[in-house]
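Consider the two complexes below, in which chain A is the common component and chain B and chain C are the respective partners.
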Partner chain A sequence: MVKINGEELNVAGKTIAEYLATTNYDPKRIAVERNGDIVFKSQYGETLLQDGDSVEVVSFVGGG
Partner chain B sequence: MVKLIPTKEEWYAALSERHGEKIQNIFESATVAICGLGGLGSNIAFALARAGIGKLILIDFDSVDITNLHRQQYKANQIGISKTKALKDNLSEIAPYVVIETHSVRITKNNAEVLLEKADIICEAFDDAECKAMLVNLVLERMPEKYLVAASGMAGFGSANTIQTQRISKRFYLCGDGTSDVQSEGSLVASRVMLCAAHQAHTVLRILTEQFET
Partner chain C sequence: MNNDKLIIGGHEFNSRFILGSGKYSMKLIEAAVKDAGAEIITLAVRRANTKEQESILDYIPEGITLLPNTSGARNAEEAVRIARLARELGCGDFVKIEIMRDSKYLLPDNQETIKATDILANEGFVVMPYMYPDLNVARDLVNAGASSVMPLASPIGSNKGLATKEFIQILIDEIDLPIIVDAGIGRPSQACEAMEMGAAAIMANTALATAGDLPMMTSAFKNAIEAGRKAYLAGLGRVLTRGASASDPLTGFLRD
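Right, the complex of A and B next:
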């Protein structure tokens, strides 16, 4: 299981890009941290989610 | 008649009396960059200047517009002036000894590292969601030694109590309610934007005094 924004999800083995494709996140409006480190945008397609990973997807909305 | 303002020494003494000399020395030696000088950035700048932060790096490509005045720290007679100049002038009136560096440019992938090089802490204070994400990714990818305080979600008339500060990772903080988008809420009001700006400015002061969120 992979913890994503506090929720345990059965997505181990998928890449970040594959996981994101199943969600409504706009890739241009997010930052992804995995186990406390930023996942480089260029690495979404290569970074495999593993059992026990803790992931934060930060999604930005407009206004400031 | 010229009205004299207090000397730098008197100013420092007054701040030290309130914050304690140890903390004031930390504030005075800090450099904070503010990216975007709108509702968030102009209010963050006011709070940090009043606290006696030594140096502020103010970055915005835009000019003051009539539509800014309902929530941003500018004056009617500053419409049309660059935000960097207008804010520097306004800050100089309330905190004359803060060193202010201004850059009237759009922050891009090409110039960000040079613009932000000297900052200890970077405040993301843009209004556009894609620009926010661009800067946050760029800072976290290329400047991992910096602290980053970003904001998302402060539009509309939602409860003040939903604006929060979250520590996403060791050096990355996010303020706001996370969801209220100006596109769907349709408006931004000074009171709620200032809440979020206050969260960001206060997070800067807490980072500097090593009081980290858990």
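Right, the complex of A and C next:
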């Protein structure tokens, strides 16, 4: 299982690009962190999600 | 006045009004950018939502400098992670460091803020730390590579005004970076007073978002900030410690 934004998902073995393709995220407006490190957009296709990974997918919201 | 630029990390701005967007609407952003001339708008970074397709970025016109904050961070490490994510979102190198351990008063953790400033300035960020006004901390922030210092006037969102006035004045007098008063400014007169003191800019959100007529209040803030800046540049008239001093000639009238 891979924890993505706090939710356990059965996506181990997929690349980040493959996972994102199954979602509604706007790829231009998100940033991805895997186990505390940034995953650059150019690396989405080659970064494999592994069992136990913790991933954050973030975007901008209003804030002071 | 035309050459009076606000310079942060080598970037020049004409406006000294920074819009916080925590409480935002199309109306607020429009009023701030079109009517009040704001050139910097803060944003926060949060977990993306697959259901919500609307983005605040849709509301912000081209040419505005985005200032992502690290709100939600409880220590330097989390602030650094959020800042890196913000930069990866592709809207520039600016970051406002905001680190809070306390959810009741939302006061910034100055020590963790110094640590995060050091790390992020070394990574090439334009670092604008939000802080509790303390001269020693401000000096450490300068040494850590901050591009400005953002002391709070009173607790975030309180609209209580310049509760920390004396300590902000010390920062203005002693720190050779733009001092941007952030948090707590509730009225145009308070924004004006901070600018008269020599603050470089004012950041506001709640004062506008909770006002009766939002565009009118935004315009009032614009005028107040400009008036305060002009007064600072002009140099305020002196204050007598006692007595009076006639501004009219008193001699030679109705008497010998």
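We take it that the second predicted complex is superposed on the first by the 60 of 64 C-alpha atoms of A that agree within 3 Å, B and C clash if a C-alpha of one lies under 4 Å from a C-alpha of the other, contacts with A are read in each partner's own complex, and residues count from 1 in each chain.
Here is the rule we use: a contact is a pair of C-beta atoms (placed from the backbone, for glycine too) under 8 Å apart; a residue touches a chain by one contact, two chains touch by 3 or more.
Quick caveat: nothing in here was measured; it's all calculated off a predicted structure.
**Student:** Between chain B (first) and chain C (second), which does A:29 come into contact with in this model arrangement: first, second, both, or neither?
**Tutor:** Touch partners of A:29: chain B and chain C.
**Student:** Check whether A:48 is in contact with chain B, with chain C, with both or with neither, and answer first, second, both or neither.
**Tutor:** So A:48 meets neither chain B nor chain C here.
**Student:** What is the contact status of A:21 with respect to chain B (first) and chain C (second): first, second, both, or neither?
**Tutor:** After superposition on chain A, A:21 lies in contact with neither partner.
**Student:** Can A:5 be said to touch chain B (first), chain C (second), both, or neither?
**Tutor:** Only chain C is touched by A:5; chain B is not.
**Student:** Looking at chain A, which partner touches more of its residues: chain C or chain B?
**Tutor:** The partner making contact with more of chain A's residues is C.
**Student:** In the superposed arrangement, which partner chain does A:62 touch: chain B (first), chain C (second), both, or neither?
**Tutor:** A:62 sits against chain B and chain C alike.
**Student:** Touching A:40, do we find chain B (first), chain C (second), both, or neither?
**Tutor:** After superposition on chain A, A:40 lies in contact with both partners, chain B and chain C.
**Student:** Across the two complexes, find the residues of chain A that touch chain B and also touch chain C.
**Tutor:** Looking at chain A, the two contact sets intersect at 26, 28-31, 33, 36, 38, 40-41, 56, 58-64.
**Student:** Spell out the part of chain A that touches chain B in their complex, as residue ranges.
**Tutor:** Listed in rising order, the residues are 26, 28-31, 33, 36-38, 40-41, 56, 58-64.
**Student:** Per the contact definition, I'd like the list of chain C residues that touch chain A in the complex.
**Tutor:** Touching chain A from chain C are residues 20-24, 42-51, 53, 55-57, 66, 68-69, 71, 81, 84-86, 88-91, 156-157, 183, 203, 205-206.
**Student:** With touch defined as at the start, can you tell me which chain A residues reach chain C in the complex?
**Tutor:** 5-6, 23-26, 28-33, 36, 38, 40-41, 56-64
**Student:** Help me check something: in the complex, which residues belonging to chain B touch chain A?
**Tutor:** For chain B paired with chain A, touching residues are 36, 38-41, 125-130, 132-133, 136-137, 140-141, 144, 150-155, 168-170, 172, 174, 178-183, 185, 188, 193.
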